[in-house]
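Here you go, one structure.
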Amino acid sequence: MVKRNKLFAVAMVLFLLVGTLGCSSQSQSGSGDSKDNPKQPYKIGLLIPMSGDAGDHGQIMIDGAKIAQEEINAAGGILGRQVELIPFDSAANTEKGVTGAKKLIEQDKVDALVGTYRTGVALAVMDVAADAKIPFLISMAASDEIRNKIGKDNSYYKYVFKVAPDVADYTANLLPFLTDITKAKTYYYAAENTAWAKQLGSVMKKQAEAAGIKLVGEAYVDTSATEFTATIMDIKKANPDVVVCGIITAPGVPFAKQYYDAKVPVPMVVTSGVLTIPNTIKNMGAQSDYISFGLFNIDKPITDLTVPFWEKFQEKYGYRGTGFNEVKTYDSIRILAEAINKAGSFDKDALAKTLETEQFKGLAGTYKFDETDHQAKWGEGYVNGVLAEWKDGKAQVIWPENVRDSALIRAPWWK
Amino acid sequence: MAFIQLVISGVLQGGLYALIALGLTLTLGVMRITDLSYGVYYTLGAYFSFFFIIKLGFNFVLAGILSVVLAFLIGLLVERLLLRRIISDELSVMILTFAFAYALEEIIVFVWGSPFRTLPPYAIGTLNIGGILLEKQRLVSFAVAVVLIVLVLLFLKKTRFGKALRMVSQQQHGAYLVGIDVQLIQRLTFAVGSFLAASAAVLLSPIYLVYPAMGWSPLLKAFGIVILGGMGSVKGTIIAAFALALIEVLSSYYINQSLSQVSFFVVLILVILIRPSGLFGNREGV
Amino acid sequence: MKEKKLNLIFILFWLIALLLVPPLFPRYLLHVFIIAHIYAAFALSWDLLAGYVGELSLGHSLFFGLGAYSIGYLSGKFGVDPWLSIGISCIVTVVWGLLIGLPCLRLRGPYLAIVTLAFQMLFFLLANSLYNLTGGEEGIRNIERVFNSTESYYYLSVFLVIIAFIICYLLVSSKYGLIFRTIRENPEAAEAAGVNIVNYKMLGYMVSALIAGLAGSYQALYLKIATPDTLSMALTFSAITIVAIGGKGTLVGAVLGSYVTTFIFDRFAFLKDYKMLMYSIVLVLCVLFFRNGLAGAVKRVLLWRKMGVDNMPGGGKA
């Protein structure tokens, strides 16, 4: 036994030593300078989660980014330079995100950064990018704290732009369900006990009140909750016209199942999360029916790019997009390329100026960034979302009217 | 009315908590180890039944039986190949089982990917008895769980193996002296623990979500229940499971909905402070 | 007493090597070294507890996170001087160590492991949900920048990890170390000899909490942000991996393990999803077959004599 252990010990040490040494030699060979040289590729660093609890979002972002890369390169690249993508796994972790940003900037010498899924990562990476004066397009992280931070010191964060929707955009996406589709007077907010859902709740309340809709009850359930009898009883007691659901992680599914089984006579609309992912819904059977939800994109002619992209995506990768991760990553890279092409030079200040003043077409609409806080604008004529409803495992678009499949399909037990 | 509805929901939940915690109590009592990979068998049970039902199209009874049998066999293998080598070193066992739990989670991501999965319910619909709603799926799961718990209890009381098991848990050295194969008993107990965790998962996966990290929360709950009931006491474990489920449901309705998890921790800490031996703790034996 | 000499030689070589890093390596690697030092200090604190006191802390990132959030609170929200904040956050973590340790360390059995795990998961939950208090997922920002250059942060990290190492080393090589060992190997004998086991375990636990909190507050100071992932289970897991690879109960192992894993992690970024899988399998294999870790292997080569596994410090009964 002892002998075998010794042998293993030696093997282990050798393995680790070779690993470390092999690596440090690799670090010296990697170098890329002479910027702006037309023969050099334009390098875009992608900071995305590929492991950790948000790990399954990473691959879909890469898949979306690759389509953008192909299209740009086929159209002649960015001012003649081919686009090269360098992904780094930020594991949705702040420390790994900063490490990734530093590696991409200082070692891989990328020309721009795109990505970050978690707001915490985005906030930390913003500083690294701003220090290094590298353009950074935040593609997914949503919190309005990012916008506020840029707005407060917009000369420091000159090259940071937020393609991702703002909190207020998430709720604005759901609002037509209350105002147009159900003509509700009251609503109930059931959400999980996270900062994100709370922010969403308070913004929702403001927007709903402005539209004359009253909040009649709120429930914040635990992220590991599995039993929702109390919540559903409370909803029945409050008797609202609509339930707005902000449960976006694991408890969303058991909640929806119990909600269906309890035949609550109130339509429910959920925000982008676990209940809007086709793969999750697939095996829920009838229990997913009549759930309406907000989406940022779907294969409808929202702009002339949208349908071809969804078709290409499905054909290339053999699965359907989610309407968020791949769309926002694609749009970010496209905007970056278009802005440099429009500016006509690789000068970063020219790029920032173009991004601040021009408009850019993407899958989700027309992007126009706010001049001070660099947030992509939301609403009619800008970026806009869709509302859909699950029926027999398929998403039926119910809003906006010009692209919808059908009107809201009513459950027999609704009042 | 609200109170009755909540109590019934709590009891339905409690039966499944009891099933999960029972396996852990047995392993703790008989093997004297802290098995942090216990949640893994829960995760495996859920993924196996997902695999058999969705990917292979088996009916759910067959899929359930296959899943728990597989979990039982994996339990046997893990005990023999991993735990047996280091079973006397408490710290190493904890590190190993912790690492093993993590590794298995990653293997599941590798094999089945990390997205959330769901299973269709075995029984759809709700019974309405005088305004009290009972989901059929929860009733079915609860009934099966109770049958399994009763079977395990009978097994412990009536069979020779059960008696030997109790003996090992009370007096390991004595059991060894009277000629009981302690190693064999321990191995089988470990496998029975895996079996129970997996069967809880089979019963719960049509209600909850299936995802790689799903095992941690039941692991912690099970530990809390075992500590609350008194380490190694089967009776204490079952009572504690129901008590905990009721506390969760009632506190979330009457106090605050986000409190279900916090109330669990509060109870756990209070027990450790005031009565560390648990409600029915005799520390010795099942 | 060869071990003592080896440890001294190690510290000396280590210090010289560390001072040579900034002029010789590209700037990005300085950042990797800083991260390695934070992990090393955190792993040291875990090793002190698991390898010497004989208690397992499965929610050790609790203290790391408490350190990070304390400095976040003090410096980021109330504008307290960052240096003073570090001091106060150390006190905060020690007090929490006291609160958790007191009820749990009285009991024999896996209570401490389970309760720290429960607390860590609770705090992780609260950090995510109590938006007004903790900033939720965004964490607490605006921690004051103390240096402008990465080099300065690097030297501070060197100082941090060396201090952590020396504190641990002094503690375990003093008479306390001997008592720890007795408690771990034979608690009945220690009790019979009139040793108050709880007090000694408490001491070890609090020092461990202190160092973990120091590492956490340093990370927050360096990244200028404290987020919930400082409280995550994955962080505890990386400390355990580092110590298992480096060698439990050796202190040097925590440092070696940290360098190896950080640099391998950095280099093998292309492994993506398989990284954690590889990590956990390496950890299982280490616990089963490589009980003395890198430090054990290095020591065996240096001492240049045949040594049974049983003679290794902190070694098991393989």
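Order of writing sets the chain letters: A, B and C. Residues in each chain are counted from 1.
Here, a contact is a pair of C-beta atoms (placed from the backbone, for glycine too) under 8 Å apart; a residue touches a chain by one contact, two chains touch by 3 or more.
Model, not experiment: these values are computed from the prediction.
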Touch-based graph of the chains, sorted into line, ring, star, complete or other: complete
Chain pair whose interface holds the most contacting C-beta pairs: A-C
Inter-chain centre distance, subunit A versus subunit B - centres from mean C-alpha coordinates, in Å: 36
CA centroid of subunit B to CA centroid of subunit C, Å: 32
Sites on subunit B at which at least two other chains make contact: 109, 258, 261
Multi-chain contact sites of subunit C, meaning residues that touch two or more partners: 125, 129, 273, 276, 291
Touching two or more other chains - residue numbers and ranges from subunit A: 55, 193, 220, 222, 224
Touch list for subunit B against partner subunit A, complex: 2, 5-6, 9, 13, 54, 109, 113-121, 124-126, 133, 135, 137, 204, 207-209, 211, 213-214, 217, 248-249, 252-253, 257-261
In the complex with subunit C, residue positions of subunit A that touch it: 1-2, 4-6, 8-10, 12-13, 16, 19-20, 22-24, 26-27, 50-52, 55, 58, 88-89, 92-95, 98-100, 102-103, 106-107, 118-121, 123-124, 127, 143, 145, 149, 193-196, 198-199, 220, 222-224
Residue ranges of subunit C touching subunit A (in the complex, touch as defined): 26-29, 31-32, 35, 125, 128-131, 134-139, 141, 219, 223-225, 227-230, 232, 234, 245, 259-260, 263-264, 266-269, 272-273, 275-276, 285-286, 289-292, 294, 296-298, 300, 308-309, 318
For the subunit B and subunit C complex, residues of the former touching the latter: 34, 36, 82, 85-86, 88-92, 94-96, 98-100, 102-103, 105-107, 109-110, 216, 220, 223-224, 227, 231, 258, 261-262, 265, 268-269, 272-273, 276
Subunit B contact footprint on subunit C (complex, rising order): 50, 54, 56, 58, 103-104, 106-107, 109-111, 113-115, 117-119, 121-122, 125, 129, 233, 237, 240-241, 244, 273-274, 276-277, 279-281, 283-284, 287-288, 291, 316-317
